[in-house]
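Presented sequentially are two complexes of chain A, the first with chain B as partner and the second with chain C.
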Partner chain A sequence: MKNATKIISCYSADTAGVCSALYELGGMVVVHDASGCNSTYSTHDEPRWYDKRSKIYISALTEMDAIMGNDKKLISDIVSAAADQNPAFIAVCGSPMPMMTGVDFGAVAQEIERRTGIFTFAVDINGTHNYLKGASDALLTIVEKYTQKTDRIKNGVNILGATPLDIPLNGNLNSIKNCLKDSGFEVIASMTMDCTLGDIKRSAAAEVNLVVSYSGIAAAEFMLREYNIPYVCGVPVGGEFSKILADSLKNVKEKAYPCSERQTAENGIYIIGEGISAGSLASAITLETGEKTRVVCPLDHNKDMLAQGDSDIYAEEDIEKLLVQNKPKAVIADPLYKFIVPKDIKFIDLPHFAFSGRCYERFMPNLADDTFIYTVRRKL
Partner chain B sequence: MLRAVEFERPRSVKIGCAQKGAFFIGGLEYNPPARGGWNIVHTGMLIPEAHQIFACAQGCLRGVILTAAEMNAHDRMSWISVSENDMFDGSLESDVVDGVCDILERLDKKPRAILLYLSCIHLFAGCDFGAIIDELRGRYPDVDFTDCYMTPTMRTTVTPDVKMRTQLYSLLRKMPLDKKSVSILGNDMYPDTESELFEILKNGGFVIRDIHFCKTYDEYLDMAKSGYNITTRPTAKAGGEILSDRLGAEHIYIPAAFDFDEIENNYKLLCERLGAEKPDLSKYRKKAETMLKKAQNIIGDTPIAIDFLAVARQFQLARLLLEYGFNVKYIIADTLNFEEEREFDFLAKNYPDIEIYSSVNVNMLGIADEPHKKVLSIGQKGAFYFASDFFVNLVSGNGLYGYKGIEQLAEMMSEAFENPKDRKAVLKLKGHTCESCLV
Partner chain C sequence: MIKIAIYGKGGIGKSTCTANLAAAFAMLGKRVIQIGCDPKADSTINLLGGIPVMPVMNYLREHDDEPDDINEISKIGFGNILCIETGGPTPGLGCAGRGIINTFSLLEELELFETYKPDVVLYDVLGDVVCGGFAAPIREGYASQVLIVTSGEKMALYAANNINSAVKNFEDRSYARVRGIIMNRRSVENEEEKVRAFADGAGLEIVADIPRSNDIIKYEDMGKTVIEGDPNCETAKCFFALAQRLIDEDNENE
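Coming up: the complex of A and B.
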């Protein structure tokens, strides 16, 4: 059964994606869910929680309020908190219970905005999807609202789709920025890590966007349509692929997916994870070691992100079967996948915060430098 | 010092002005990063050789799966994800049954028992949990199944904590009762076997059972033999009553207290019910008093904060400490446990300036960043909110009980006052005393 899982973890949920994408922007995010449900996000999905404050709250929904349709309480609680905390914007999103009762979050947002005068929006999620959808929808709304046409900055670039769920807090983001600077680019906004609303307001000055996870694609498409800013999908990994990425950023006319411009092999090295970062790593491994690869992307993606021959299966039993059948040379994935990989296949740990949370945080590599490629080479 | 700020929804109230019951208007909630409390996964893992299966939406699954993973117990946890369609296409029950069967067929070894957790949405949709359990029992007669609940929306009625401590013993089957044995029920932490409680039971010739002592599922099942079930925590009381009614055993509720007279009365009650002789416990009381005085000499008038996660009776503990000369200034709690109404009234009358802080109010968000003088916190939430490395890492009482418990707490306070802890490293660990992959 595709929805039954024996042992592996599950990815962060859509609500976590919303919170993660909006974390640093000075707004207030309210998830309409039961008391205590915010501890999942703040414990397992948000590595910034202890050191950096953000107005991310839960509505503490009770069964009685759900049954009685007491949206008035939700609205007045948010209005009250906004009066105390004066957020830059307010985002409200759902969870499974409001999905059941059919809460009209659009109307809730409108009413809150009317009463507070603060830009308020609903993110159409319900806790049943993965983080990429939530982060994507939230980022798109913010980009639609706050960007404005402006003069271009030569070699200006934005990074889209960066959240700690995909980009670990181990210097990876700085490495990506340094990589761009070394190639002659000036980073305007890094959406949305190390980022302010002011950065986002200036972001339409960029000449190109670098999309580092699926959650940045919708915003990139908007900026392409609205401001004619082209985009490139990929994460700098190792020297060779980073050069290709930089060239693509300089030459792209509309959109480019260097992360999927590679050959795959059924018995090559399998990389399981988010499509753009897994594809980038796959390309880098092929370039640096000559090994053939194949990406297994169990998460949201579009058809351009994956190379022909990549797989988008997501269920535990299907991934387990695929590995047994194809006997790949090695598997690179989060350590919590290890339990479904046949013991005679080499396994190389690549902890992913969106999958294993804090469990292996201290072992997360900085993919933008060459170290991880060396590790792969050594372990093969 | 804390800054004086007027909020529309104040984050604190002086006890002299506080209403009994809920101290604050309910609203949006903040979640402080103090992770030592146990959740339903930690508690469920106490049953040896049992396996947990959660059926719920992805957002709800994430927390429980990673709780198990962090405690290196992911091989005892499986899950069934519920999508939007599943809720509305009439397959709610069959999806769960099929999912559990699929998981059982794929596990390397059949567990002795399955704790099957459903969530708020199942109950809201009127899911027939009884039919699911019956079907599974029919298909796998060699596996025990019980219904468990991840229903945080129910916190105003039967809380998930209370429900879990009830279901934890629901797999026990009626057996011939042994009147010379007792089970101690509902404690998160390993009990203090040096306490007077254990001395009384041992001297009375009683076999003592506790789920923390069980290494096998059969040892767990043997808990049903006990003629007496003892509970010491408010959240375990209902479970103790229900189990005792079902098995025909006697239930004895002797709550963990910080009042010497109540402790004495608890032991008196216990001995009467057990038909055991009550020993002279004055030496234990004296020792506890001595240790409290010693701790007060060390700690002096340093402000003390007590939070609800640390002990079930924070107002009673506050009164005890005040009576021994400590400077209790802050209590972190959102509601009053009516077992300590008397202590609340006493404090409100005699120490009206004690500040009660909410544990979740949105305006607690930045309090840790405000300047604070040295505070000794009893509990993790106080340590975080008052930015103090001087804290007693106490969660749900840590298994402390009776006079000996007070003696140990006094020692822990002195130790915490003199030896700062790595606050961030300690607070990040989930399920205090559980194994963790983070260390």
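Coming up: the complex of A and C.
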């Protein structure tokens, strides 16, 4: 049973990542899945669901549709809904059942686009990966399709990889934007929270991109290749690290990972979570308190995101073993991790929407200010 | 690149035709990959001296993780042909079609085509287009042409007709098209007339006429194709002619 989560939760699925990344852009997202699953992707994993409208649909796949390979029903339902809704684009993605029956979503998307004249694409997911893959693939497709070469805006910056699954709806995004403005930057597009398709169309005017989660890296790499826009990976956390991030944004030539420019310690403070935000928090803690840290990243990442000494294990039993073995000074993680952390190790709650959903939503801190660092200092 | 999926009724000689065609391409100087898409995993055995390659599904069954390198799930056979078998689940269990899709995703992840840079890829597919998995080899990016193997036997022609109809169903997608029929003779009375009548009715061309020959059985007993065993025999010449024809067509298209 290795790699099965038996005690703790698991992260939101790739499907939720797609829905979240495309939520505000005016497109139609169709997940080919059984009826009722919309509540998983949109209600449980999407804090904007009750406040902002979005065209997220489930195809209501039935057992007979799956057995008979009834793609025509899926296609005609989407064509009909698109005629009513007139979406800016259509995204089609899978779930475990169509994965098993081998639905060819690329071909389905082609047929829908031919019949509707609306840009339609398939996101290659099936519900078995984590949210970062879905959000990353969806954002990349949108950026590839809609950005175009344009004149640069001095000190223009885009934020890439922002979804409520990583950036809580507690003013965190505004704080990030304010940090950037205070450092002399003008935010062009914040992909994809508080963002329109129009913002994305203008985004190649930026001089630099700030990538706040792994889901923004593929799009940042594309914009680097296509428009020569460099990027920096990190989330503003506390005053000191935010300054380093701003300097990096001003001076970066190609790409920079300030979130991984730090020393780690085997028995320091462990931070479990998404690589860029956990790395940024780790850097901020070291800068503000002098404490050594170590990131445990159980999610998709690339080698540059993590510092030497960080850990990329993801199996519940491996994380548990690591903590027992190394006896860290404290663990900072989503509260649901508490159940695999030895009781004699201090635990500091850092709720993560992609892990515990709404359970601890009201306790989510705004990492961009110094409050959370004070909490850490106080609890140590 | 020449990318062909070979379909036909079970036991009609698909693997024999595919392996011989692969060997003929290789002898004509082409870099070839043959992918067996049948749970029996015996498509490439006669390119490998009778010693089979580890099928992908067997590898996944025996290991916790997917292979890191294509060498772990392939073998080089006669004429430097890269041989791969999808294999399948335990007979009577699981889903063989899903096994094919899974294998194709894995080959994509391992960047098979980018690293091996083949001139020819042949997919030898189990029997009929029975489900999504068995249509995977004809999807965009995989095979661009389909060859249907049939004899003059009634059930073989029936299966050939089903396969042709199934491929036609995908006409509005960017899938492979049926290029023609390989007539694999079984000494049926009026065999040529029967196959020709089907071909004419379906608007298909008979692209190769493989004679009934003991050479095939003789060399298969030795773990060889006739191309390897006796490249000058009549049967081998038929496969060489088909390979050359497909190469010429590919050159014209380029």
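Some observations on this one:
Everything that follows uses one rule, which is that the second predicted complex is superposed on the first by the 379 of 380 C-alpha atoms of A that agree within 3 Å, B and C clash if a C-alpha of one lies under 4 Å from a C-alpha of the other, contacts with A are read in each partner's own complex, and residues count from 1 in each chain.
In this section, a residue touches a chain if its C-beta (ideal position, glycine included) is under 8 Å from a C-beta of that chain, and two chains touch if they have at least 3 such contacts.
Values in this document were obtained by computation on a predicted structure and should not be read as measured data.
After superposition on chain A, the partners chain B and chain C are seen to fit next to each other with no clash.
Once the two complexes are overlaid on the shared chain, A:Asn174 sits clear of chain B and of chain C alike. Chain A is touched at more residues by one of its partners, and among chain B and chain C that partner is B.
Of the two partner chains placed by the overlay, neither chain B nor chain C lies in contact with A:Asn228.
Judged by the touch definition given at the top, the superposed model places A:Gly36 against chain B, while chain C stays out of reach. By the touch criterion defined above, A:Asp77 reaches chain B but does not reach chain C.
Residue contacts after overlaying the shared chain place A:Asn302 against neither chain B nor chain C.
In the superposed model, A:Ala107 makes contact with chain C only, not with chain B. When both complexes are overlaid on chain A, the residue A:His129 reaches chain B alone and has no touch with chain C. Within the superposed three-chain model, A:Asp14 lies in touch with chain B and out of touch with chain C [touch as defined at top].
Of the two partner chains placed around the shared chain by superposition, chain B is the only one that A:Trp49 touches, whereas chain C remains out of contact. Of all Cα pairs linking chain B with chain C in the superposition, the shortest spans 5 Å. The residues of chain A shared by its contacts with chain B and with chain C are 100.
Within the complex, the chain C residues that touch chain A are 64, 95, 97-98, 101, 131-133, 135-136, 139-140, 170, 172-175. Only residues 7-9, 26-31, 33, 35, 56-63, 65-66, 69-70, 74-75, 77-84, 86-87, 95, 98-100, 102-103, 106-107, 119-121, 124-125, 151-157, 360, 362-363, 365-366, 369, 424, 427-428, 430, 437-438 of chain B touch chain A when the two sit together in their complex.
In the complex of the two chains, the chain A residues touching chain B come out as 1, 3-7, 9-16, 30, 33-40, 42-45, 49-50, 53, 55, 57-64, 66-67, 77-78, 80-81, 83-85, 95-97, 99-100, 126-130, 317, 336, 339, 356-360. Looking at the complex, you find that chain A touches chain C at residues 2, 69, 100-104, 106-107, 110-111, 114.
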